[in-house]
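Should a chain be cited, it is by its letter among A, B, C and D, assigned in written order, with residues numbered from 1 in that chain.
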Amino acid sequence: MDKNTLLSRLSAREIIARRCAMEVEDGEIVNLGFGIPTLTANYLPPGVTVSFHGENGCFGFGPKPATLDAQSDITNAGTEPVSLLPGAAMLDLATSLGAMRNGFIDVTVLGALEVDQEGNIANWATNRHGRWWPGPGGAMDLCYGVPKIVAALQHIDKAGDSKVKKRSTLPLTGRNCVTTIVTEKAVFSVKPKGEGLVLIETFPGLDVEDIRAITEADFEVSPDLCPMRLGLD
Amino acid sequence: MSRNKVMALDEAMTRVKAGTRLMVGEFVGAGEPARCIEWILEHKIGDLTLICATPGMAGGFGKANLFSADLVRELIASHVGTTAESSEAYFAGTLKIEQFFPLGTWAEKVRAGALGLGGVLVPVGVGILDEPGLFPDLAEPKQKITVKGKEYFVEEPLRADVSIVKGWRADPLGNVEFRYTGQQNQRDLAMAGDYAIVEVNEIVPVGTIPPERVGIPHPFIDAVVQGHSLAEQDRRYRDHWIKLGRLAPML
Amino acid sequence: MDKNTLLSRLSAREIIARRCAMEVEDGEIVNLGFGIPTLTANYLPPGVTVSFHGENGCFGFGPKPATLDAQSDITNAGTEPVSLLPGAAMLDLATSLGAMRNGFIDVTVLGALEVDQEGNIANWATNRHGRWWPGPGGAMDLCYGVPKIVAALQHIDKAGDSKVKKRSTLPLTGRNCVTTIVTEKAVFSVKPKGEGLVLIETFPGLDVEDIRAITEADFEVSPDLCPMRLGLD
Amino acid sequence: MSRNKVMALDEAMTRVKAGTRLMVGEFVGAGEPARCIEWILEHKIGDLTLICATPGMAGGFGKANLFSADLVRELIASHVGTTAESSEAYFAGTLKIEQFFPLGTWAEKVRAGALGLGGVLVPVGVGILDEPGLFPDLAEPKQKITVKGKEYFVEEPLRADVSIVKGWRADPLGNVEFRYTGQQNQRDLAMAGDYAIVEVNEIVPVGTIPPERVGIPHPFIDAVVQGHSLAEQDRRYRDHWIKLGRLAPML
């Protein structure tokens, strides 16, 4: 299969997960949120070995086990059965969350409902019957304490509106904290302190105007703009 | 070290009455005290205030059934929506949720209750969770304090009348051992309850659990009850994971 | 040896330790301070089995081992070599101190520089060169959180002055917290909330006036006043 | 999980310089990182701010020698007087001690620094430690807050430039295992330092330490250094205990 055919067959989810994996460096402590972020683990570049953190109290998760090897006491933060790699370490919940708050997690990939040009991310609350729901879990702790925060989301919602906003109006998970925004169309780097977006990559075949057409946020264009790195080579 | 804390389920659970403020160990349904939860369902003990990290695991598993049976009056947690049952009760207005907390904040509040602190100062969510209108049911705004020029929430302790936690093994003194990710904050929950019940897969003689493998030391436990065996527990989780599509069905 | 001869040969330290041991009940969690309180462990009544707590992070200490069995990683809160009994449990320091603060220790026996008729105890600070020294350690945590606090001290100091004061003038370790005062001459029960002392036992041969003569504090006399219980029968 | 954190003592200890704010794991001299302390003594690294539970064990043992060598400018601890060396330096005016804390308060302050909290509210000592004149060297009075009608001290976090802790075994990733009472608050101290060194009796291959026996998980450690063997360590403590009369001399 030639590369163009391959690219055309990639799902939005796979594109995002593949590109997020490029943000992870060898030796890092990594926390992956649910949904698309979890898929990131499948696409780490060769030679990149990391320690996956589960907020429920573990460093060193491995892949899903075979059904009969699955154990009720070896689960990730979403209570999916996982395995433990050599060097895995358990810890209690309060310490696990303290590690998230205090900078011990190097990078997190988080799903998002919306992001915006100030580096804000919203992923814990939708309004139902006048109440915000379903609650923050550990995402807010991650947004507070992790130095490298990758927001993973589809570029537009079902109504066709951009999810990369000028200013998110949902309750935020973190303010001025996102460092990179990855969608199936583009990658934005967020300037320090949330002072604006820089378009650094586009999906092969898309140009800057294509991205402007589907993006509510303002953004600069990097002089080094290049096609999205997907680890397909 | 002479007390024998092993009890029949019925004896230990007499502490759980209508209106009890109850902590239950778990994390999205993992590490749940299954038999104690079944007892509450069977005896229809209602009007409970439930303090736990999340409502449980999706798909009608364990603790989630407390919500569909309308036994929970109030939930104090970090998530509301990990189970459809809790979300439905919340939106139907039968389940009170005044506020929820970032998970680390929730865990620290439990620990403060466990260890006799007056509270903790938490920076997470400042400027977000104190936005007017975010928690319309809250009686008072969240208390803040400035220390060295930075704002923190003053997070008060959480405590309960009864705590029910889940371990792997326990001895009759009340020493509890955990397996892998079963540890969670079960110890803090046990210490934050006026009466602490532990349900375990196996009850072992004193001296079996190595001193460094004790996850809850004996003074923090009041009652030890026999739960499902580890094999039975594993079977139940596997079956549920297969039902949810998280594991491949067995051929 | 008849009982009177036996009594006459008891040292002040042994008298105090023996009587303190009577305050400990079967099944209790017990924290013993240094000095005389440590000796209490030697005189527990038959059938009384307790769990000794060390604030450095252990429940279930046993006696001092033989020299070659002593291990650098099995020590009590004063870094003396100890042993571990079956059922012993380790815990981290912050949790160990939290257990002390929050009522998980049933009874503590504490040495004291002074006690007073309000149930105050002073045992952490002496004034040297205008500075209070040497620091509270875990004693203040115990005084805050333990329901049954036995103060163990000699009745008079080297200058002949009573150490059972009307009002201690040293920095306190705990206020209105002592439940029982044990000296080599007498035992006082402290009324709830530190509202005064009640003399409940005297060393065999001493009467109320003997105790008044060596005690600065005011005290009532129990209608059930009896000779000091020393577990010698 | 690919970093190899094992280092020569000299390499790891370059982080400790004159004026460093240094946390050292120990409890009255138990659980001390002996070789790292010896390195500081040999290299005469002075002007240190030392944060530890106590100055150490009496009788010229280990860390206590830092005080007689006049290498410690300030001590932040719970005890001042467990060693004659620290007391002498304090009263000679060469050792600054502005305040000391109840042990539980000290441990919570370290933990708050370790876990990114703004502080903790501690009830212990209220009405005693805030008496005017008790701490004449204190720049500001202790901060208090009233929560639900009860007064608490607002205890701020303690952090350090470098933390040196002591474990039994470690693997090259930085997972650390403790024996018995060696646990103390070594993990919190490691997490509260910008750079964390662990000295261990034994360095073992990755996978040797069971996941539930890891006392300090690998992300919290930056450097692993080889200390004395367990046999040598035991010998040193026994010899010192015999010297202090705490153990019977061997025949």
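In the analysis below, contacts are C-beta pairs under 8 Å (C-beta built on N, C-alpha and C of every residue); 3 or more make two chains touch, one makes a residue touch a chain.
Quick caveat: nothing in here was measured; it's all calculated off a predicted structure.
Among the other chains, the CA centroid farthest from that of chain B is the one of C.
For the pair chain A and chain D, the distance between mean C-alpha positions equals 38 Å.
A separation of 33 Å divides the Cα centre of chain B from that of chain D. The distance from the centre of chain A to the centre of chain B, with each centre set as the mean of the Cα atoms, comes to 29 Å. Averaging Cα coordinates per chain places chain A and chain C 58 Å apart.
Residue positions of chain D touching 2 or more other chains, listed in rising order: 108, 116-117, 123, 178-180, 183, 187, 211-212. Shown for chain A are the residues that touch two or more other chains, namely 58, 84, 90-91, 94, 97-98, 101, 144-145.
Under the touch rule stated earlier, the contacting chain pairs are A-B, A-D, B-C, B-D, C-D. By the touch rule above, chain C contacts chain B in their complex via residues 26-27, 29, 49-51, 53, 58-60, 84-91, 94-95, 97-99, 101-105, 144-145.
Contacts from chain D toward chain C in the complex involve residues 27-31, 53-54, 57, 77-82, 87, 90-91, 100-105, 107-108, 110-111, 123-125, 127-129, 131, 134-137, 168, 178-185, 187-188, 230, 233-234, 236-238, 241-242, 246-250. Listed in rising order, the residues of chain B touching chain C in the complex are 1-3, 114-117, 171, 173, 175, 187, 191, 206-207, 209, 211-212, 214, 217-220.
The touching residues of chain A, when paired with chain B in their complex, are 54-58, 64, 66-68, 70-75, 77-81, 84, 90-94, 97-98, 100-101, 128-141, 144-145, 171-175. Chain B meets chain D in the complex at residues 108, 112, 116-123, 143, 145, 147-148, 150, 152, 154, 156, 178-180, 183, 211-213.
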